[in-house]
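Chains here go by letter, A, B, C, D, E and F, matching the order in which they are written, and residues are numbered from 1 within each.
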């Protein structure tokens, strides 16, 4: 009996702290969202599972020698994992629609107002007792408005590692909620006539333009914003491997096995940051609130910019596509398409929304570079 | 000529120690077993090759700066490689047969008696001069009876790294020998009538049960045996990725490229532990003997438990399937099927044996958790 | 405005050093060669991109904490990446042609004269003011003549890490230039009659020979040249996985995803060594010149050896195949085939040239072992 | 360290405790799995997911999935 | 550290500067992409690459590519 | 360090020794490969393995292989 008691003292039941139970519930909630609701399952499933593992008493996953400890230190603290994901996303991205209509980049720029307004909002929250965000914290939180997971994780790992878990969870959750958050804002800011505007078919884009595009993007980033080159550089490397057509072996691996393996590890490592003492704080509530605001502002500023461009172009641009400027590829573009079809069943905006959509990825990487070079 | 002499002094011929030659022969034997006899080639080929490389004089594979040194320290000492393999095996395992007939878990439990009896046996060996196993050593040796490679390597790397090479080699060798070791024991403990028992077809299992199963397993492990959560947790992560159906990309990578790459490295690193001073000892002989005993006892206790269950159920269970409880998936289940067919050419037990077979994997992970939380 | 100025001070424009601009141009040149000219794109694309990234001011790619810093230290400094590539190349190589006609190994031996003559040449360069190559430097440079990328990178990382960038770039560039460098030398050293010699069809090779071949190669290397066992050993492991037929899963991963992922990282890490202070030196000019000489001498000595063998065999050997002894698989064999067809449109030498071609890989690994055991 | 008798006693204890723990644990799991069978209506669930999965298994909230599919299609076409 | 007012001022500055920087940057990129369209003759280029690619995408200057193809062919044959 | 003459002498020595070593090594390998040809009966072996391989190449003594195949089959069916 003494022996069984010895084992009993090691059980989870005998060692649970309340915070761990709550965080496990959070982890299970994320698993539920991923599996049943199909919210960004590629990330939320490993994050949720990582959160469960990290909060097991006496298991030591996040202590030195534990699996999640190693994965976090090797992949997140160094920034390597988000950069490899970015390389893979670059290899998966087709910039054709944006090259055919480069003005769409302005929509990707406008939507970043969600980031910078949220930064101001995060500092403003400091007026409420209990909040004490530094400028670095505020920057890391604001990037949620960029609607781009690896960018958010990369920036948070550099500027506010303690907030990483909450920021990553908020970023992926809101990205999954795009179909719910965006449509009311889109409809409130546009008239029915505007939503019915049909756009001209995009011109075909040559292979040479597609090859030169990532080089041009990287060149400008080098000249004007070196702080963004880790993100933009790896993204452009992936895209160049894809478009050059001479290294299909490498491009295929970057798009598949490499990004898949890194996604598993990245998710687990992010989940390992969901510990009670870091997550069950009033800051997390603030982050969740700010994240929602960031998304809403980004969507609104994208749509408003598209309205302006629509007017200036004499009504050739459907202002709905501005909403795709937040990135959240390709969900935001699909939402645009869906809202467009509701107004006019023959109006397929998907291809037109892909331009601002991928522009939003570049826009938030540029915004991340600005924040890094200002704060970092 | 002086120059050639300088080179000569660096040759293997001029520097071989007898122990290295013997260990190379062991490595070549493992390669022979893997390639010609097809004994667990996925592991024994890299282990055998690693043993050859590790024993080359003046090559420095296992010294600081050498390839095998790095692989061992990064992957085995940290426990990362066996855990990744376990994730992959989880993603490869279908628990349908076990969920349809959960009583089979009792067979997976009974077969673990092989582990605990061997632990006692290992301590008993200390009565013979030359043996001096600690409780940690004995635990690491006993886990061979679990018939599960990654579990054995994980436990040995934590409890008895010096014995890792011998334990891993014994574990995989005996797993390969299952078709030779098990049938006589199975026949000795069952009557012809028992072996002829036909079992009812298994009910179909819903997707929801398959998704909830890994979560339930992990939940119980968290509550009662946190020390087993590294192994069980990664196994359940892999299985959840498989069954959830929402992350097929990740599941596919975990089942293929990731587990393959890690298998190569794991095998090489285990092989690098086959050095003369660690392997050419009387302890190794003891480990090999104990490993055989562990397998035999595990098989016997599984069959006896199945006999008991057969009686209690009024003859609805064929006691042969108890032998599959040792794990050694899927070899043990196939052996059950084969022995069953010998008694009754229409009696296909394969599906029925898959339940105890995967139960054995869980059983030995649980046993490993008990050992870790007692000894570790 | 003050804020914009703060950002301006961080731009690349405000921080560029002239050397960085030149090195970026070098990187872009490599990208051009890879993408437009299709010169060894699998390596030159990542190397060129790495060179661009490494020379961005204020981006910190190669400083502690930067992506390229980590990749270099983890993969190149340890020697792990070139060895994994070698394992993959081993898994991709079919030694059938060589086993059918083992005399071809002499051509692989003769072509290594390019290496040792260049070593002497590199030391001779020290007579020119500005050059000060040590024997280790000279050895690392000379291996360019081996026409084998991973071997060159492995040796340079051990013997002359400062010269690694220039050596790797020279090695891959000249390998890509094989179709331009070799034909004039081949034609100058052979008569039209010799080039028209048709060779007998090769005998079929049994599976058992193919399995035993890598074991025999490793065995001889262990006995006579342990310093070459890291390279030769990993190569033979890959080849054994391929030919054994019992670990197709592992072999497939080694040939595809693993070698692809490592190639991306290896290329980036090599590119990160293309910094102005290391590359824009008179030594680099010397390395480029010596590399060209090494290739030319290797080609010539291969052809001359083949001429000798042709005479001794009574005209059964076409001396052109000697040129394939430099390795540069399979480019050199194709060049042989093309030059052969120019003399005799029915003379297909491709299969016959594959023997010396893969022999050249072994030959330069052996030469690397000699250099390592002499100098290292 | 310990002398042999103590070790043997501890090993015997561990043998007993270990087997009890393993049986208890797996028995609890039997109960849990039986519970699962009640939670999940087996047949409806089996019939249902098949048609749904092509559309919904991969909700593709991010670029990777869509792009992966299009890339695969392209490669497939090239391969033909 | 800083007091709140200072922080707010800095955040407001960063808001302005950041948006200006993002717009300037992406505007420059618009100019650059428009430049690309002039450098590259769109239609000829689109028609051309398809037939060329099977031969030239993978120049296979090293063993890997050729061997990979032959290995794939072998596996394909085995698989049949 | 060393002066140039010494270095040149050493380089020349290494040139000679290295080429001798390379030739000796590869000559030994020729002998070894010729020995292999005698050990292995070429033709029987070539004819034999093909039919055997589907069954025996992957003996699948562990779960991975069987499960991988069933998983692949499932994916293939889903993909159809």
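In this text, a contact is a pair of C-beta atoms (placed from the backbone, for glycine too) under 8 Å apart; a residue touches a chain by one contact, two chains touch by 3 or more.
As the structure is a computational prediction, the values presented were derived from the model and not from experiment.
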*Give me the chains shared as neighbours by chain D and chain F.*
B
*What's the fewest number of moves from chain B to chain C, given that each move must go to a chain touching the current one?*
1
*Taking CA centroids for every chain, report which one is farthest away from chain E.*
B
*Average the CA atoms of each chain to get its centre, and name the chain whose centre is farthest from that of chain D.*
C
*asked:* Using Cα averages as centroids, what's the distance between chain C and chain D in whole Å?
replied: 46
*Whole-Å gap separating chain A and chain D, where each centre is the average of the chain's CA atoms*: 28
*Distance between chain centroids, defined by C-alpha means - chain E, chain F (Å)*: 38
*In chain B, which residues are in touch with two or more of the other chains?*
6-7, 38, 41-42, 224-225, 246, 248-249, 252, 256-257, 370, 374
*Scan chain F for residues touching two or more other chains and write them down.*
14, 17, 21, 53, 59, 64-65, 68
*When you check every pair of chains, which ones turn out to touch?*
A-B, A-C, A-D, A-E, B-C, B-D, B-F, C-E, C-F
*In the complex of these two chains, what residues of chain D are touching chain B?*
1, 4, 7-8, 10-12, 14-15, 17-19, 21-30, 32-34, 36-37, 39-46, 49, 53, 57-59, 64-65, 68
*Would you pull the chain B residues touching chain F in the complex into a rising list?*
2-4, 6-7, 38-43, 88-89, 92-94, 149, 175-176, 178, 242, 248, 252, 255-256, 259, 328-331, 358, 361
*Could you pull out which chain B residues touch chain A in their complex?*
78-80, 83, 87, 211, 215, 218, 222-227, 229-230, 233-234, 237, 240-241, 244, 246-247, 249-250, 252-254, 256-258, 370, 373-374
*Tell me, which parts of chain A touch chain E in their complex?*
98-99, 102-103, 105-106, 108-110, 112-113, 115-117, 119-120, 122-124, 126-127, 134-135, 138, 203-209, 212-213, 216-217, 219-221, 224-225, 245-246, 248-249, 359, 362-363, 366-367, 370-371, 374
*Mind pulling up the chain C residues that touch chain A in the complex?*
6-7, 10-13, 15, 24, 28, 31, 34-35, 38, 41-42, 45-46, 49, 52-53, 56-59, 61, 65-67, 70, 256-257, 260-261, 263-264, 268
